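Structures given as structure tokens follow.
After this come two complexes, each holding subunit A, first together with subunit B and then together with subunit C.
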Partner chain A sequence: MKLTHRRLASILSLAVFATVSLGTGSAIAASKAVKPVTIQFWNYWDGGNGQALSKLVTEFNKKNPGIIVKPVTFPWGDLLPKLQSAIASGSTPALAATDIAWMANMNQSGKLVDLGAALGGIKKATGDIYPSLLTYGLYKGKLQSLPASTNNLSLFYNKDLFRKAGLNPNKPPKTWAEMRADAMAISKLGNGTQGMEIYVQPGEGLTWQFQPYLWQSGAGFLNKTNTAPTFNSAAGKTALQFLVDLINVDHAATAGQWGAFDKGQAGMRIDGSWMVGGYRDNAPFEFGTAMLPIPDGGVHATNMGGEQIMAFKGTTATQAAAVTFIQWFTSAPIQARWDVATNFMPISDSVANSNVLLKHIAEEPALKAFIDQQKYAYARPAIAAYPAVSDAFSKALEPAFYGTVSVSDALANADAAVRKALSTN
Partner chain B sequence: MRNRQARTAYLLIAPALLLFIGFTAYPFIWSAQISLTSWDGLNAVKKFVGFQNYINLFGDAEFRKSLSVTTIYTVSVTLISTILGFLIALMLQRRGKSSVIYRTIFFSPVVTATVAAAVVWQLLFDPYVGVIDLGLKALHLPGPNWLSDTHWALPAVIIVGIWKRLGFAVIVYAAGLSSLPTSCYEAADLDGVSGWQKVRYMTIPLMRPVTTLVLITGFIDAIQVFDHIFILTSGGPMGSTNVMSLLLFNQGFKLFRLGYASAIGWTLFMIILALTMLQWQIRRRHE
Partner chain C sequence: MMRKFKKISLGLADHLVLIAISSIVILPFVWMITTSLKPPKLAFAAPYLIPTHFHWQNFVNAWHEAPFSRYYLNSIIVAVLVTFGQVFTSALAAYAFDRFEFPLKKTLWFTLLASMMVPLPLLVIPSFQIIQHLHWADNLVALIIPRCWSAFGILLLRQFIHSIPRDFDDAAKMDGASTLRVIWTVILPLARPAVATLALFAFLFAWNDFLWPLIVLNSPEHFTVPLGIANFSGKYGTRWTLLMAATVSATIPAVIAFLAMQKSLIRGLASGGVNE
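And now, the complex of A and B:
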């Protein structure tokens, strides 16, 4: 009797197992037929930019039922280490958007998809994207990434402090001399108020903020072949001396931590267009923007920032899905909406002239300075040695801001350090 | 039977062992390999450079400065937090049951997220609206620009390091003090030994194993400091707070010099190993 029960139980178990297995098998087969390709999109766009990206990605996923793009957002400082370990371990995402300053190194990884080949040639893939932005994506004749966004630096100023200091809040400075006079007037308000906030912490932040002063005064950064520095010149000294004097002679600025402008403790600072939305919503003061002031006899110049979007080598399906997304994301209508949501600058004429973006600019007057200035934006050297060059340059300049090294010595030290960085990296 | 027990034991430690091999041992050995290359972390080619990264380290002024900053930070935080921890634990011992509240208060920084705490400290150190400088000004003392002054930035991050570490020392010393034999102290009382003499000639020697533990763990913890300095000063101004972990991070993940960063990591490891062994040797001699 017991045996019969056992047998019955075994037969029933087998039947259940077979049914479940067959059922699951057919379900797997069915799901395989329609299973979309899921790809990760690594980036560092957080806050409002992250939300804007999320909305666009949702829209893309709806329009492309065979593809599911999943944005994965890291803090800015974490994305590069994550990519480094992913590349080393062969577990790269299908898509990533990174800082243009990293591109020279990313290009050498051997892991990026040739977008030119995937999109019917470089010309077809790039359309009317501004040539200066393409320098970061081209490597050994291949197009390995496309611009996902661009931006530049302009002058932000605190209209409340301008009023308090007896200055006209609708007349921001246009020249270095005016900027100096305004900074001195504001710093006289006391209680630690700085006329101008200057970035003096070593690293790319200092270099990227200082380069426009070099270019405006007629000095360069590196030569055309990116093999030697060109900033150690009379014009370079004028640029550095101007900022050093603001700190150590005029006492209109402080060598120290960054952030005084955000708290309403500084009259002016230079920063990027991505700050416009944040200041509009959160700044405890009324702010304005203007093109960067220039020296007498100088030229307009600003620095170009932004991100490049790239696809990593993987399976045929993931590569195709990533390329489809890149093509969609860099198309003019999507870029225009992306710029409206993020306050980034247009990457091409067709984006710049789109009605959506023109309407947004009319509604957001603080963006005008950035739009006007984009044509004066310089690209930083797209070479693998650039991070080391920038680091060496900024570390040599830092003591000048603290007044412990003369401007001439700081530039001479920077010249030697940059030459060394160029030769060893 | 013994084989069976051994097999069970190996099976039980297998998950932990696998995790250790995967996440500690393998990266550890791999980083040694990387330290002999000029790899940028991205390039498909890892160029072998032998011991060049280690040779370059000792000619690098930034590394030497970083080593000196790390030494000052480590010695200051470890010694001050150990001494203060011992004194506070002694005082708490006399408070009886109410000491639990104080222990909780002193231990709370240990379990507070360092990054969140560092952001709060950043506000406290603010030269214009920070509580510290406002307090100093109320006492007619000049309030320094803590985090932006090359002379004050290191003391500022040391203060935060001590604040973070103190609670651990207090708890360990309090536990050690509570386990001391009361009979010795009762005998000392009968002999008319003063309070200070009991601390000097009984408590401190009896607490030596605890002190060794607090010093070694404090030392290992402090020499690897990264998070709160990264938030407060990022190593500045002018490298005055640029500790070795921060230098390693910047070299590897900002300047694309992963080979060089690995060499810094291995040098840091060798320093920790050598000094820990030295501390154990000193302790053994005293036993």
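And now, the complex of A and C:
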């Protein structure tokens, strides 16, 4: 098929016409009244949390005609690499909410808007938000993000299995010894029923689940300056030995695939408040919650989770729009409604004491343990090396749960691996 | 009689082995379909393989949760265009590498082969930078154009074209056919099994691709099916029944693509066994 000159000419003229008319079209659009600023809000809140966010965002967009916020949900495990590649290539969104564990990476990017400066000073910007939650947003004297939500780990237990094992379903364990006794009683039910389910897959999941045991027994994770590990101590050994024995000596817990508790095949599990709604609607058993049991002479401790919300540098208009949204989203009335929809924990006293949230907690008694426990929540080290540290720590600990490496060796290996991760990251 | 019995029992044994192997392969799919039809409360309850509940609402919910029809359309556009693109460019390049002599042919050929050794994740950042320079970020074009070339496709077609006698080309050329016409009307129809294999691989690769769309796309209106599915399993839990309903929906085009190509694929395998 050969193109004749005439045909070529007609194609070219059509292309020129199309380009010109498209160009004129956009020029006309641009000359119209001021267009609202559209900004993207990257996050990983899926399912019910995502729907709750969409509802709030729609409300915000209605109230602020000059701003259109568009939430974009990315899978949890992929949001950090997505943000890192966006930072590297200069294509960041105006807004993002990320895991608190990633904040050190975000803070160092140099792309975050100084919220303190934008909102009339740090004090004004933070109000009565709990100081422990602000550690993630403060960087070199600047406030670069605000808590968008917080949560912690407490004990979930299966009341049906407690009853079957002859235990009082309204008396969850308060100490490690009680937890061990209950787990042993439940595991005797047979049919593959486990007393307790312990998360042992390497990665942040293992670290995040194990850290409360360290803190409860008086061991630390890293020192105050986050430069060296402190878990390889007598207290650290007690903590790890307790779980290893529960699995390998008492045969009251299993180390393996996570999910037995969901199926009603495990008596207890440590998990977050966000599971409350799901279990209420879908668990094939009656469940209860309690504060995490502690060892004799130990202290209450849990791990703090959650998300920080931040604005990325862009044009004056996108930055202003992002800051307006952050201010609105972290305000007490909106946070209270957000917590009601998601079962996340309050970020400040004014949220905790709001009627909306108090009414919700009265209707959802399983949340009480989490509310009571929040004041004992420890923040994980807010350093850029944390993901590498957590990874190294969990990999060294995993074999101890399977009984293939002794507790002392596992902690010594973890100590060496964490020191290496701290020095190279 | 004895021989007949032996033949039947051997055939039976063969089939028992085949049935056992295919059952293992098919089990996860059966579990996927059964779970997709269970009410969320019974996601982990027996029976695991035989559907006893037909909770079609899972499909409705999965499709309503995200603009899944949009993701589906995007995935189909991308996968179909990438498939055509790869077959087109691979056919031209494979023919040239096999039938023509040109300077640096060997060097180019080995460079092409060497490019297959580079792991895909390593190419992501430089590729993304190119896409940004071209202003293709957050656009389906970024998923299509860079994927229209495939070293594997060229290798596959070249090996097959090599086995087609040059007499076919010569005969067509004597009848006045141009090179393009020879490729299109003589070589490609003869290479149909290889083309079908390439098309199937290209389609499945484009359909399943996750990392590249994740990196280049920012707007939900451009998302593809794998990105949408990944959101059913998050930090705060996995919604198994919806995840499986979405996965069942996502598997259908792949199954259709396979069934459509099946005949050519089997013919390709069979023709390989004939000694000509």
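Keep this in mind: the second predicted complex is superposed on the first by the 392 of 425 C-alpha atoms of A that agree within 3 Å, B and C clash if a C-alpha of one lies under 4 Å from a C-alpha of the other, contacts with A are read in each partner's own complex, and residues count from 1 in each chain.
Going forward, contacts are C-beta pairs under 8 Å (C-beta built on N, C-alpha and C of every residue); 3 or more make two chains touch, one makes a residue touch a chain.
A quick note: this is a predicted structure, and the numbers were derived from the prediction, not measured.
Overlap between subunit B and subunit C is detected when the two structures are superposed via subunit A.
Of the two partner chains placed by superposition, only subunit B is touched by A:387; subunit C is not. Looking at the shared chain after the overlay, A:93 reaches subunit C, while subunit B stays out of its contact range.
When both complexes are overlaid on chain A, the residue A:73 reaches subunit C alone and has no touch with subunit B. Of the two partner chains, subunit B is the only one touched by A:254; subunit C is not. In the three-chain superposition, subunit C clashes with subunit B only at 168-176, the remaining stretches of 168-176, 186-194, 222-230 or 240-248 being clear. Residues 81, 88 of subunit A lie in contact with subunit B in one complex and with subunit C in the other.
Note for the complex: subunit B touches subunit A at residues 40-44, 62, 127-128, 145, 147-150, 233-239, 250, 252-258. On subunit A, the positions that touch subunit C within their shared complex are 40, 42, 44-47, 49-50, 70, 72-76, 78, 81-82, 85, 88-89, 91, 93, 99, 259, 262-264, 272, 274-275, 278, 281-284.
Of all residues in subunit C, those touching subunit A in their complex are 40-45, 65-66, 124-125, 128-129, 132, 137, 214-215, 218-220, 227, 230-237, 239. By the touch criterion given at the top, residues 77, 80-81, 83-84, 87-88, 105-106, 108-111, 191-192, 200-204, 254-257, 265, 384, 387-388, 391, 395, 398-399, 402, 404, 425 of subunit A touch subunit B in their complex.
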